[in-house]
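Since the structure comes first, as structure tokens, the remarks are kept for the end.
All chains are identified by letter, namely A, B, C and D, in their written order; residue positions are counted from 1 within each chain.
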Amino acid sequence: MNQDVLSKIVENNKGLISQGAVATYIPELAKVSKDYLGAVIAFPDGTMLSAGDTKVRFAIESISKTVVLALALLDNGEEEVFKHVHKEPSGDAFNSIKKLETEPDHLPRNPFINAGAIMTASLIKGKDPEDKFNRILEFMKKISEDDSLELATDIYLSEKATGDTNRGLAYYMKGQGVLSGNVEDILDVYFKQCSIYVTTESLAKIARFFANGGVLSTGERVIPKKYAQIVSGLIATCGMYDQSGEYLDNIGIPGKSGVGGGIISPVSSKKIGVAVFGPALDAEGNSVAGMGIMKDISKEMELDMF
Amino acid sequence: MNQDVLSKIVENNKGLISQGAVATYIPELAKVSKDYLGAVIAFPDGTMLSAGDTKVRFAIESISKTVVLALALLDNGEEEVFKHVHKEPSGDAFNSIKKLETEPDHLPRNPFINAGAIMTASLIKGKDPEDKFNRILEFMKKISEDDSLELATDIYLSEKATGDTNRGLAYYMKGQGVLSGNVEDILDVYFKQCSIYVTTESLAKIARFFANGGVLSTGERVIPKKYAQIVSGLIATCGMYDQSGEYLDNIGIPGKSGVGGGIISPVSSKKIGVAVFGPALDAEGNSVAGMGIMKDISKEMELDMF
Amino acid sequence: MNQDVLSKIVENNKGLISQGAVATYIPELAKVSKDYLGAVIAFPDGTMLSAGDTKVRFAIESISKTVVLALALLDNGEEEVFKHVHKEPSGDAFNSIKKLETEPDHLPRNPFINAGAIMTASLIKGKDPEDKFNRILEFMKKISEDDSLELATDIYLSEKATGDTNRGLAYYMKGQGVLSGNVEDILDVYFKQCSIYVTTESLAKIARFFANGGVLSTGERVIPKKYAQIVSGLIATCGMYDQSGEYLDNIGIPGKSGVGGGIISPVSSKKIGVAVFGPALDAEGNSVAGMGIMKDISKEMELDMF
Amino acid sequence: MNQDVLSKIVENNKGLISQGAVATYIPELAKVSKDYLGAVIAFPDGTMLSAGDTKVRFAIESISKTVVLALALLDNGEEEVFKHVHKEPSGDAFNSIKKLETEPDHLPRNPFINAGAIMTASLIKGKDPEDKFNRILEFMKKISEDDSLELATDIYLSEKATGDTNRGLAYYMKGQGVLSGNVEDILDVYFKQCSIYVTTESLAKIARFFANGGVLSTGERVIPKKYAQIVSGLIATCGMYDQSGEYLDNIGIPGKSGVGGGIISPVSSKKIGVAVFGPALDAEGNSVAGMGIMKDISKEMELDMF
């Protein structure tokens, strides 16, 4: 892979943009231009290859679930975290509630469906929601090696104003006795973590961090290797919700998407992180052109895990 | 049926009390003596037969759902109400959430499961939650022909403090786009309607009101006959949640219970209302001795509908 | 009610025929003229009022489930029968399988959904499937006071050839350890019981039998009153599957339909049986014009239970 | 890894045997000694490392699903196969039926749950069930590079005699219109494919075949690389049913188990296949000591994918 090839791959996938549409469930996401498209590959030595709109800021949305899981593991240990959330694909939609009722233990199936991500957010240490969110933000800055990350306040307020299904999930878990703490406080942390402004570059470095076993490009270890493996493994099986199997089959590497238009793929075998950004989403909420780029990068670099 | 027979029936069923336990999910209900037991039969001419603890005040809880449905019908008409909630037995528990996800229209199955009762409460007219609740209370006073009904503030506050599963149901419906209005306001009305202090006598008169086609003992018609029939019909099929079939089979008349220990049975064929009160509940949340009394009354008076 | 009124009711509802269509899942049902329409009211003294096509023979289909339940009760007693099938509305479609997996005891919810009816058929005594079916046929002849009932062999063979969903239900129950005996033998009995030729008159007499507490027009008691009440009660709550609440609300009396176009309504309060026949079905599989007639009869005779 | 280390790993895990029990749902499996334990690693050059009971013959059971999927892909192409079965984790048990009802397209979620495996078996070409099974057996011999594979007739007959839940799945799919062909014929092929006698060595070679992209140790390509990748990818996400996430997290490589006591793990990154055999199963039906060995091998050889 080199700069020219990557630029060409991005260029070649621009045609797919017309097949998607930007998320509209909050006005702030609907304002984003659907024409953005970018890709970054972050290598373990700290170098990166970038092409397209890789400096544009957008909301991390569900990709934050991977980062918060890592911090929850660091805060609580593996055993404690997985007393509150399982590691299995749910077989249902990202915002599904039914298994919270039908599973005998009422726990969310994994940390990447909304119910599980809310549970994970509830495990973050801190003296209040503000403190908890700040710890998440600082941790995200650290592992993305990007100090410019910040809360997108308007997106956060919109998420908070419209997050009734998530409220339903959280209160239902509270009612089942499996979620502890003040629900609105927990949701506040959750809505904020989803509303952090990132760039494709920062996402690529987050992906690299997980691919590299929890080590920064500086060589600094931030989390135990096992925690990075847990996150990458869960991205492989649960990262694209009930489309995870399709993604793994088509692209051959784990992927975690967000409705902001980002996708990250940590590639453990080569310790590299790949990220794309394209806010035109398909019906499942995944970046159409972004997936096209991921597929081409995977093919070009022979990243397929199988 | 006469006074002696009814007194004997109540006496005979006292032995069942030991098989039950008072509800404990809120402290206020747990404080009630489990030994209370009473029964009232209200006749269309305004007379009543009473035996046992029929003047003790207790929380109406889920029995309020029948009254609020009647008022919602009066406020909105049949067609409008049943655009928001179905009339079918759900086949699931009273606080089940899964069909809100799996049914294509995401509407509650009937007005007596919690989701459906919250929906019904949202349909009550009024300028604010206070006004809406007052309209419910006034309506309940009217049809129970009992001016002493009032809000049990401590029970309401407890219900509000612990009602997270109901909050989950309401926010989830809001998120699905089927519940309109401010969720906390709607729940406020709902928690209050469940926390009205009634006596076995007031309940028996409510039951008579429905059995008598919406007409008071004074002859005054309060709601169209059709609305009373709808309420009674739904009590028959959905009144005891996923135990409705068992109740109808064992007792032979429709029944609607509340965790406060009350049960009402409107008997349309004779225009009489029967109510019992016994806070010792079985595992399903129904008054053990109360059901015993209902069975004996039904047999003695040959009330079986079939 | 008199002959003229009934004839007029049938006439008035002919316009509804065009809103329905005959069942087509087997060729034999598809051959029936959709224009047939008839109604019979059977009174406890043995008299009947008939109007329209009341001598036409058609397949009893699901209405047989009521008769077979009565015989199963007679063969095994109430306690034994309800060890194998519940009495609750399922909240799901007539041929639903999911609750057989999700309910902890894996038993069918009631005897009128297909899974429950297959279970009930398995409880009929007899030395072989032939004998079991003959006992059902003889019992049906007896309670319909109609010796002309017979197996419609071509319908039976068609049902058997195409009954794969029912086979799925039966084998799944067998696999769960809740259905005993040879599955194909049980299904043979079940497919045959659905394929008995009846007339509207024979159905009306079956409905009367249940309404009359298990007593023939001759005064002969065939089953204990309790068994007739169980059947009628279950017709009220589960007779129209997930439309039972709507039917009870609209018509005001219990109803059990069959895809052959028949509906029976036992009216216990007056000990009369009503049956209609109209093979043009609505989307839910119920006779469109038949329900119109039922509604008019119920209104005219003031049969509403509530 | 060398012979001594592998032998020691097997030895070290013998203690886990006491925590499991042999499958007993058919007598033939119950007869197997629970003390067997063996492990084989097959390398791309054709060499193998073996330790323990690696020549003992046992039933392949669910591991056959991987082989039959590969043949179905070869027979029909990728596009056609995945018109009939999805590639997503189901989130439910291996023999679950409910999603066949609730998913709008009624298709099985993936080829490794029983419903999906029956569907896959139905796609195998051949003039009759005998021929289809023989094609499966010949294909399995080829990719396992083991001509001694054969049908275990007694196991097959037992599977056939007791396979009612599978019959339920198949007939239900037939009833939904998604499974074509004669159900008993399809099940005959399915029961036979599960009843093939293999050894740990033959399984290791099958695993290597998939890890090696569909190429034998001789260098002969049998299936396109893409098909091998599909099988390996599905093993990663769906191989251990609703324990797939746990397995991937604990062991770090894809795994597919069978109730005969075998587990295979294709390791694509090194083109090696690992297989273990230990008939003492845990509550989920997976070899207890076998998983212990897999974990130790994965750690020793640094096979973790993440």
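The rule is simple: contacts are C-beta pairs under 8 Å (C-beta built on N, C-alpha and C of every residue); 3 or more make two chains touch, one makes a residue touch a chain.
No experiment lies behind these values; they were computed from the predicted model shown.
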Euclidean distance of C-alpha centroids - chain B vs chain C, Å
32
Please compute the C-alpha centroid of chain A, do the same for chain C, then give the distance between them in whole Å.
55
Mind pulling the chain B residues that touch 2 or more other chains?
102
Could you classify the connectivity of these chains, where an edge means two chains touch, as line, ring, star, complete or other?
ring
Mind giving me all the chain pairs that touch?
A-B, A-D, B-C, C-D
Along chain B, where are the residues that touch chain A in the complex?
95-98, 100-102, 163-176, 183
Residue positions on chain C within touch of chain B in the complex are 86-92, 99, 109-110, 228-230, 232-234, 236-238, 242-246, 248-249, 252, 266, 268-269, 304-306
